[in-house]
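Presented sequentially are two complexes of chain A, the first with chain B as partner and the second with chain C.
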Partner chain A sequence: MDEETSQYYFTASMDSGKTLCSLLKAIQFQESAVFCALPEGLKFTVEEGKCVQASAYVPADNFTEYHVRDDVDVMFKISVAVLAECLNIFGSGEESSLKMYYRCEGSPLLLVLQPQSVYNVMTDCEIFTQTADSVLELRDEDCPEVAKLVLKAPAFLGLLSDLERSCDIIEINLSPEHPHVSIVTYGMQDRSCIEVPKSSDMVQSFSCEEPVTLKYQLHHVRLIMKALAISTKVVLRCSSNGLLLLQLKLEKEDQRQMFSEFYIVPLLDD
Partner chain B sequence: MKFRAVMIDAGPMREFTNIVTTISKLSKECVLRIASDQLYFIVSDENSGPAPPILWCEIPHSIFFSEYQMVGLDEQHKDIYLGFNSGNLARSLITLKSAKTLKMKLTKKQGPCLTLDIEVPSACSQQTRQVTHDIPIVVIPRKMWSDFQEPRTPQPDVSIELPTLKQLRTTIDRMKTMAAEVVIRASAEGRLTLQIKTDMAKVSTRFKDLRVETYGGPIDHSDSESETQINEDMSKVCHCRVDAKKLSMFLSADSISHNRTVCSIIHKKLVILCLQTEENVKLQCFITGIVY
Partner chain C sequence: MKCYVPGSNVKVLGRTVHALARFGDELYLESLPECMLLRTLNAAESAYAMVKFNKNFFSYFNYNYYSTEDNEGLKCKISMKSALNTFKSPTHMDKQVENLEIKLDPEACKLIFQLKCKHGIVKTHYVSILDCKAMQAVYTKDSVPNRITSSQRLLSEALTNFQSSDDQVTLEASTQSFILRNYTECSADSLKVIRTQINLKPLEFTSYTIGTETTITFTLKEFRALLSFAEALSLPIQLHFETTGRPAVFIVHNGSTFEAHFVLATSKADNATQATATQNTTIDRKRKESSFQDSARKKVHIDNDISKCLDEDSHLFNFIDIPDEIPPPSALFNGDGAINGVNEETNNVNSSKINNDIDSDHIPASPTAKAMIKSVFRRCFESTFDPRAIRGVILAEDSDSE
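And then the complex of A and B:
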């Protein structure tokens, strides 16, 4: 760390920005995200209404160099679309190295990208930042977890894409008795139900003590599909207040890991 | 007026198809000028009446055609100018992928037509199939020929060899999703910069070590709003702001296998992209600068 960059609030570099780009695209259902650089890694948070909160985590070990000043909060709002386009400026076929700089509050986020296969070109981007809005605190420590499932992501993605798109509501029934998981959607004239016993190939682990029925907006659940498409495994956790938490582990070639996380607020019974 | 040409080699046929496909992406209407030594494809700006062409493509007949006969309008005017829908020609040429021969001729059916006779080998027998396409055309009267003259452009301030078009197009396509206009900046020291500015971000992609073809002398920046770059002699840098969509469309010419492409910039006024192929095809695109 030289003198000059140590003045920056945040600096980081990595060999390829490609995975970061696909991770961002997976949570890109809103124009802007809250960018937060913590000592343990980067976190991007996107919210839909006050109902869905998606976060992408990039642990610090994914970077070849990572530095955050510990005496300040590095947190700002930034356009995810622009950030993703910038990371992808040399096309998806090209691996390009990435450097990020953030000087101080109110300054733009600087990106420097250089493709690995071509020597004579580089791109620098200044992406303007805004003061971050407060992020919802959805987790309630007082509500215990009532069920936890570990599923294979591709299979769960297949299941979600089989659901009728025009339905508004998805009902998830979990029970310690057969058929452990049943997913019900209600359409205009029909009701369809998919049952998944815990012996199914897609279920890697299942724990549920008491039967629970939870209802969500199908549209909200569908928001996780892009993230599922690039993940290997998904963990579903339900709390006693109905809050659904989905944790996804990104598929990556090397040993390092990236994650995404979705909180979905339940529909209330009327 | 007569025109008859025959093509028998696979290479030129593929090239010809790629050229026509590229043109059809740029414009619905297109003009074919048939001269004794070359074919010209000419595209004018659709929106702005009689204006200098925005695309000018020259195809020398000797490499492409094994037979080439034409008789022009009359003794003084030895050319033929035809107007037609470029998509019709592009679609007809799809069959050319596997063809053995292509005959092109001018015919009179219900109306004047450019007739393509394509001979396609059959997959299961020795016999060949004959595919005929009649493309309706308009013969352009003599008095309108002057609308389709080669654009006369001033001496460029900087002409610079471009990096691969595919790479350039990927970058422009990303930029185009963020902004409508791109500033192209070229320096006599071999640097090319593409830059966009929006209220969200400022993005610049810089290429260096490119070959400079011509440099037309110091460039006047006295009325310019452009920001000075550190370590750069501004009198050697010219720039031009152009429509990102148009630029991206012109760069789709990367499907034509080419030797080299040169970008010439007339400071703040015009960008000319010139692509040359092995077969001496020359394709030039003219993109006028946007000035506020």
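And then the complex of A and C:
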């Protein structure tokens, strides 16, 4: 068995592919994602115009079996839509167990799906893979973190969905003084402002030494909404260069966790 | 002006703004010593809505908070889009919003809506003021002969039978019956148009007074909007109207805190194509309250034979009748019956005697667009034009042939 799996660059199996599928759909704003199997877990990365980088990260403990050859880099590009569709091949109501195989560079990703309620039914899907493009390295070690916020994801989603869609720019003001968080949007003629004090129920932790004002494309921030809808908690980190990092935690029924991560590049004043 | 709206009433205000948004693109706001008025007018100026919130709707109300010298209330016009943005989801609003503060400073150019929500969140909307004028429509609602009070469900259930593409509805009110049918332009292709007609009995209504029998036509879009407003607040609708050409006023109020008037312009139905012909069928039509939905039936009659088009009426026909005891459909309304009814009406049209009287024992038959078709195709029946037949004066002589 060991010898058999070691011919493959990567093999993994899972009892249910459902959560993985919804996580993939949450970052599905680009056609293809970079699939990267690390010893710690599986990572899918999607980029939007070098401004937003979204990753879905599935730690290895979510899998019942997980092997990655440590002498090679397992990294390739794959269509997110096709992968999500294959994971959902028995319909959204059906839980199906999942096995993944990737033999070597250039070979397709092989999926074997077996629905739990029907016996003796099996699907295997081969998804072609492409050589991965380089992934942006947005994190800058020299820029310290200036603010960190931990919020409840459903409440934050409620705030974002209340924002006027036609606005282009979202301004986030963080300050150690009251009101600690304020989100301002500028519409055609109007201005809307949402203030959240750190004592609010939705704020689980707040740390900010100096007041900061950051501007982002509202469209970019809205990309996280799908992921927010399936997550329980969100951590916002702002670094001194304005880069916004949002880390979202998805808690499964079996106490395991999956994560998604969004880097958003700020708008600079001109 | 400064006022506070308690959380439970924010939903009502939100519903109001959403209903008004289906009327017009601009919202007029006016504060008076005892009340606040929201008004709107549609682009075609055929529909107007005014909602009056009394002082007791608010937990605090001061129309003259910023003490202007002339002691006048404030007026302003804002864009409906901005107002909608403030009240994004009225369904969940009462759960999230604890308090709404509306501030209008005479010097400022922004109207401020401040929503204090759960979790200590404060949402502030600074809405630009477009104008400082007030707008008011002139209409009478008290001295009109026709008054109907209906539960909010009855009319909206009746409207679900209409096509979403229908844009106008004709209301035929007599002491015996209340008929709603879709209004189709006579130029529309009668083969493609679905006609819907709903007959409601006066007993269905909470109160029903018809002083002068009349037929009015008004827009469905606004009618639907005001019905969904009444339904969302589960309040009955009062309909006050006179006759064709005079506005119909729909009133929704809860008796104490607010009153909404929706005024729709009415136009005349085209008699040639819209009149209801009558057909003698004896059916007992005692009504029961609950029978409305069960007995609503649709009967579609399609005649595809185009050759019949000129001498017989043939169009998609969508008819709804709501008698208590339903006779077998074949006996009531088989294909022959429908055509007979139409022929009868054709004769009526031809002899310019349109029988508009609706007896309770009569079933209205399909309206017809035949008169129009005849006039369009009349030339087909005339003898072919022959230039040689015209002899006499030459108006312009032939030019020289070169």
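Everything below uses one rule, namely that the second predicted complex is superposed on the first by the 268 of 270 C-alpha atoms of A that agree within 3 Å, B and C clash if a C-alpha of one lies under 4 Å from a C-alpha of the other, contacts with A are read in each partner's own complex, and residues count from 1 in each chain.
We adopt the following convention: a contact is a pair of C-beta atoms (placed from the backbone, for glycine too) under 8 Å apart; a residue touches a chain by one contact, two chains touch by 3 or more.
Please read these numbers as outputs of a predicted model, since none were measured by experiment.
Novice: With the two structures laid over each other on chain A, which partner does A:G49 touch: chain B (first), chain C (second), both, or neither?
Specialist: neither
Novice: Which partner chains sit in contact with A:P176 here, chain B, chain C, both or neither? Use first/second/both/neither.
Specialist: Neither: A:P176 stays clear of chain B and chain C.
Novice: Of the two partner chains, chain B (first) and chain C (second), which one does A:G106 touch, if any: first, second, both, or neither?
Specialist: Touch partners of A:G106: none, neither chain B nor chain C.
Novice: Thinking of the overlay built on chain A, is A:P39 touched by chain B (first), by chain C (second), by both, or by neither?
Specialist: A:P39: touches no partner chain.
Novice: Tell me which partner A:T123 touches in the superposition: chain B (first), chain C (second), both or neither.
Specialist: The answer is first: A:T123 touches chain B but not chain C.
Novice: Can you list the residues on chain A that touch chain B in the complex?
Specialist: Chain A reaches chain B through residues 79, 81-82, 85-86, 88-91, 93-94, 108, 118, 120-128.
Novice: Please output the residues of chain A touching chain C within their complex, sorted ascending.
Specialist: 155, 158-159, 162, 164, 179, 187-197, 199-202
Novice: In their complex, what parts of chain B are in touch with chain A?
Specialist: Going through chain B, the ones touching chain A are 163, 167, 170-171, 174-175, 177-178, 198-210.
Novice: Touching residues of chain C toward chain A in the complex: what are they?
Specialist: My answer: residues 79, 81-82, 85, 88-89, 96, 110, 118-128.
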